[in-house]
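Two complexes are shown next, each including chain A; its partner changes from chain B in the first to chain C in the second.
Up next, the complex of A and B:
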């Protein structure tokens, strides 16, 4: 059987019949054709639209403006505000999720009786619809009847109710806290799987040599989970950057522009003003900016596939 | 283990884990409590913490006053349709990736990975324009297609790794016994991959059920999935938190239960790729 397989493999001199060589392409065709229509065609359409001045409810007034929308973007104050927020949004949310996820994973990796139950309960935030998460936290943050203010006033942390989502200086951070809550289980689960891949013998050897648990963490645990942290971190940067449903439901980008991020700005522009030309140009710009991170992730993953 | 070490374990492990569990569960538990508190009580004294103040009043109103069951049906059709479309086109693609080495293989794989990274906002605007022209805006079919932008690349990658885990020699043996490629796929590979296919399908279902932005933009009037329906429970003048909470609990329940049922296997599949690196 081994020899049959060898003669059939494309590396040898006898090449397989045409039908066999076309087989993989035929198998790929359905998925490829569907994605062509629902992803690549719309994407080309998006780039194309971004060169037009197109307001959806007056399609006859549509005209080609070349890079006009992009030039307008550079002078748009809201664009720069949103870009800043996007950086802050990613820069705070992902490390917070990762840190909390790491602590959770380290705890869940220990032996205790209700470990399975704890793990199942901790991933609840991951399973909930983002609309539910957003509304739930709006209820918790509510300045009049929200439970967070009740607790904080009871503990005398604050003297009077804080309008978490209505205060322009606080709103973005309040949403970042929500996103951290939503995303930390993902990290916990990923890191936990990484931890379980580290051989126990390494820890045993280290403790025989008298290494403190802190040194064990530094020299065994961290290097052991570094690949997971890298991959999960990159994935989350992309995911958090793209995610705007929670912000949209919690504040809609307000108060003012206090919680605008780039994807949200593009969405709001197109949805409320029906300004699809300008909206798509923001979306395209955002995609190009995110492209650097995506490229990093793709290189990393494809290297694995090569094995 | 001796007694003092049990105490130590409780202080250093059980207690911190309990805190994290409370943090993770707290908000959802709070919304459940809110949904169990009748609106009158909610307005007067706030969320009722004791079972004596609970009632299913909000749930009864949800079913009576709103079209929530119809919305659940919309969500079910869309999520189910996405699972079917996503799996059917992805299974053969995944088989091709894991069994053949052909020109352009890496490029095609890269393409599917790339799609998964596209910002929703980049797709949602042109999809709206395209679907408006095609006349499938606000239909189940339109939303199934939209959700497939996420489901197909995900399914292709997951299934490639699941099928890759099944020894090639099995389909080769079947082919020597006279099966064609496709028969070998159907008779040998598919049954063995079934657990993987099912968990991939369930994950697609959960994602499509929970999806909000496509549903809001490309649907919303005739076809209104639960995620959009929950948001419309916010009244015009003031928010009815009790009713909203009941809607949130009912709407979140199917996906959450599924997630809990399959979490172990699912997480195994999801983390595999990351851990291998």
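Up next, the complex of A and C:
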């Protein structure tokens, strides 16, 4: 080390000692090793498993089938139903959460008495465990004893109790409503933080120039919180796409296949039917699809944000 | 010096503890109780006092994922030494080579003569071996609201025609429905009373016969046309059907004696029970079994056997069933049975002659776990016809 440094001509940047150069790697190593073992290793194994006809309770009948599971997958009507539901699930839940979160954040950004308390309360749905939320909403929706039907009948909106979770045309939307309720505080809090980063002077300048509140919102508020919306939106797309606990507890994917999404289908196949080969092939396919969507999203939003 | 002494004593003491632990055998045991006040701890204490050197680690595994967890832990090599198991799981466990034959141990066991007749035959495996030791049983029967039947001048239904007739007369939607059908997970045993009774069988060609499809259609019609079943039925599980019956929302439902205590707590004398109705000349009800098994991978099979046979002996078995609310498998325990009200015990005993278990094939697990529920929900909500549902289900038993 030292000898090399000596031979360098003056003016050349002297590289720091080895220990200092290794420091970042040493600091990253624990996180890297953990990720390697609990994320990458199982991922590689999942891909490997998906090439086998592997049913856990038939350990002796396991055999290599190449892309056989994937070919079967594309001919499986439940896969296409679940894919459609997944698109609907993400496509509705995330924008709804974002819109509700935005409205909440705008309200919370105004001055009013007890604002601190309101800000703390709003986080509750986000802080509750998913299983608690799912059970709670299951009872809210219950046609025999649930409070939602009671209210709707009292207000004469409906004539008789609606079986929210037992009707295949309604069940998915009922769960989307639940998840929207659960997830909007995340957006509200993130957006609120973004709002407070926008200098007041910009609004003052705009109002002196005669800009209406709508124009102020469009040209100051929205660009101000765009990076937050971009990042929070991306995180939510990934979380919502993968989240199946609420669906599993509320309907188990039913009635029939009415609330099957791809992660749920993979779970049911692998864990309940113990068909790990087919289950992992669904999971791998979904990971690739989601990866593509996320990549596209990243390219687009990052460009917007940089602009 | 004192310090050194203390240290030496400490070292010696921990060495003793370690040696003691090495001698003790630990039996890991899995069970599932819904009842939060379970007496398992007392049973473990009693057993450990009588069998020094054996330590029992009993773990209450949640029922909803009991078999998923059991199968995966068997494959992963982290299975318990013994566990509570049901008959429908036996073919899969056998195919996995996971079960230890215990026939010889049962023959040499003093408690064998005290087991109720026929239970060992019912739990015998298809290869002729005995892997299961019965621990409790229930039989599904029909709960009905005696007060509502009296008011309407009806008798408890003996046939499917009576049943439909009563259900129609008792339905005053949306306040009261005639029958609480379990259309969600676990409802196949109610379905069996209406469909398997009429000659349908879980085998190739057994579900798509005209008679079987018609029987299934009859049940679907109760929901779709007669509207005597609450609209929530496709998503209803155990909590919902018992909840609706207890709150007076339904006038009949099918379940076993395990729920009788909470039914009586809610309804008192207004609730009674009879065997499920006779449909199309046949009768079928589900024999709900629960057994104990030792796993072949266990390293402490002798200790595990001692523990499971302990649970199947007279007094201990009664204690065990106090927690689950089900019926004892011992003759001595049955004699002074005070756990349930007489009318529910009578309905159970009267149902025994036509109580069946599902055929023991590997496909039965998938039928019970996911397939029946998906097919029934689709049929109830009109997404598939009765015939399509039966074809889907028969597909499982084709191979």
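Please note the rule applied: the second predicted complex is superposed on the first by the 281 of 307 C-alpha atoms of A that agree within 3 Å, B and C clash if a C-alpha of one lies under 4 Å from a C-alpha of the other, contacts with A are read in each partner's own complex, and residues count from 1 in each chain.
By definition in this document, a residue touches a chain if its C-beta (ideal position, glycine included) is under 8 Å from a C-beta of that chain, and two chains touch if they have at least 3 such contacts.
The structure displayed is predicted, hence computed values, not measured ones.
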### Query
Regarding the shared-chain residue A:271, is it in contact with chain B (first), chain C (second), both, or neither?
both
### Message
If we overlay the two complexes on their shared chain A, which of chain B and chain C does A:161 touch? Say first, second, both or neither.
### Response
second
### Message
After the superposition on A, what does A:175 contact: first (chain B), second (chain C), both or neither?
### Response
neither
### Task
Would you check which partner chain A:145 touches, where first means chain B only, second means chain C only, and both and neither mean what they say?
both
### Task
Please work out whether A:35 is in contact with chain B alone, chain C alone, both, or neither, and reply first, second, both or neither.
first
### Query
Given the touch rule stated above, what does A:251 touch, chain B (first), chain C (second), both, or neither?
second
#### Entry: Partner chain in contact with A:94 - chain B first, chain C second, else both or neither
neither
### Task
Identify which of chain B and chain C touches the larger number of residues of chain A.
B
### Query
Regarding the shared-chain residue A:73, is it in contact with chain B (first), chain C (second), both, or neither?
neither
### Query
Is A:23 contacted by the first partner chain B, the second partner chain C, both or neither?
first
#### Entry: Touching both chain C and chain B, counted on chain A across the two superposed complexes
56, 145, 271
### Interfacial residue positions of chain B with respect to chain A in the complex
9, 13-14, 16-17, 20-21, 23-25, 27-28, 30-31, 34, 46-47, 85, 88-90, 92-93, 95-97, 99-102, 105-106, 108-115, 117-130, 145-146, 148-149, 152-153, 156, 169, 172-173, 176, 181, 206, 209-210, 212-213, 217, 226-228, 230-231, 234, 241, 244-245, 248, 251-252, 255-256, 259-260, 263, 267-268, 270-271, 273-277
#### Entry: chain C contact footprint on chain A (complex, rising order)
56-59, 142-145, 160-163, 165-168, 171, 251-258, 268, 271-274
### Summary
In their shared complex, chain B is touched by residues of chain A numbered 1, 4-5, 10, 21, 23-25, 27-28, 30-32, 34-35, 38-39, 41-43, 45-46, 49, 56, 100, 103-104, 107-108, 110-112, 114, 118-133, 135-137, 139-140, 145, 147, 150, 181, 184-185, 189-190, 193-194, 197, 227-228, 230-232, 235, 238, 241-242, 244-245, 248-249, 263-264, 266-267, 270-271, 276, 279-280, 283-284, 286-287, 290, 294, 297-298, 300-302, 304-306
### Task
Would you tell me which residues of chain C are touching chain A in their complex?
65, 68, 71-72, 75, 92-93, 95-97, 173-174, 183-185, 230-236, 240, 243-244, 247, 249, 362, 365-366, 369-370, 373-375, 377-378, 380-381, 383-384
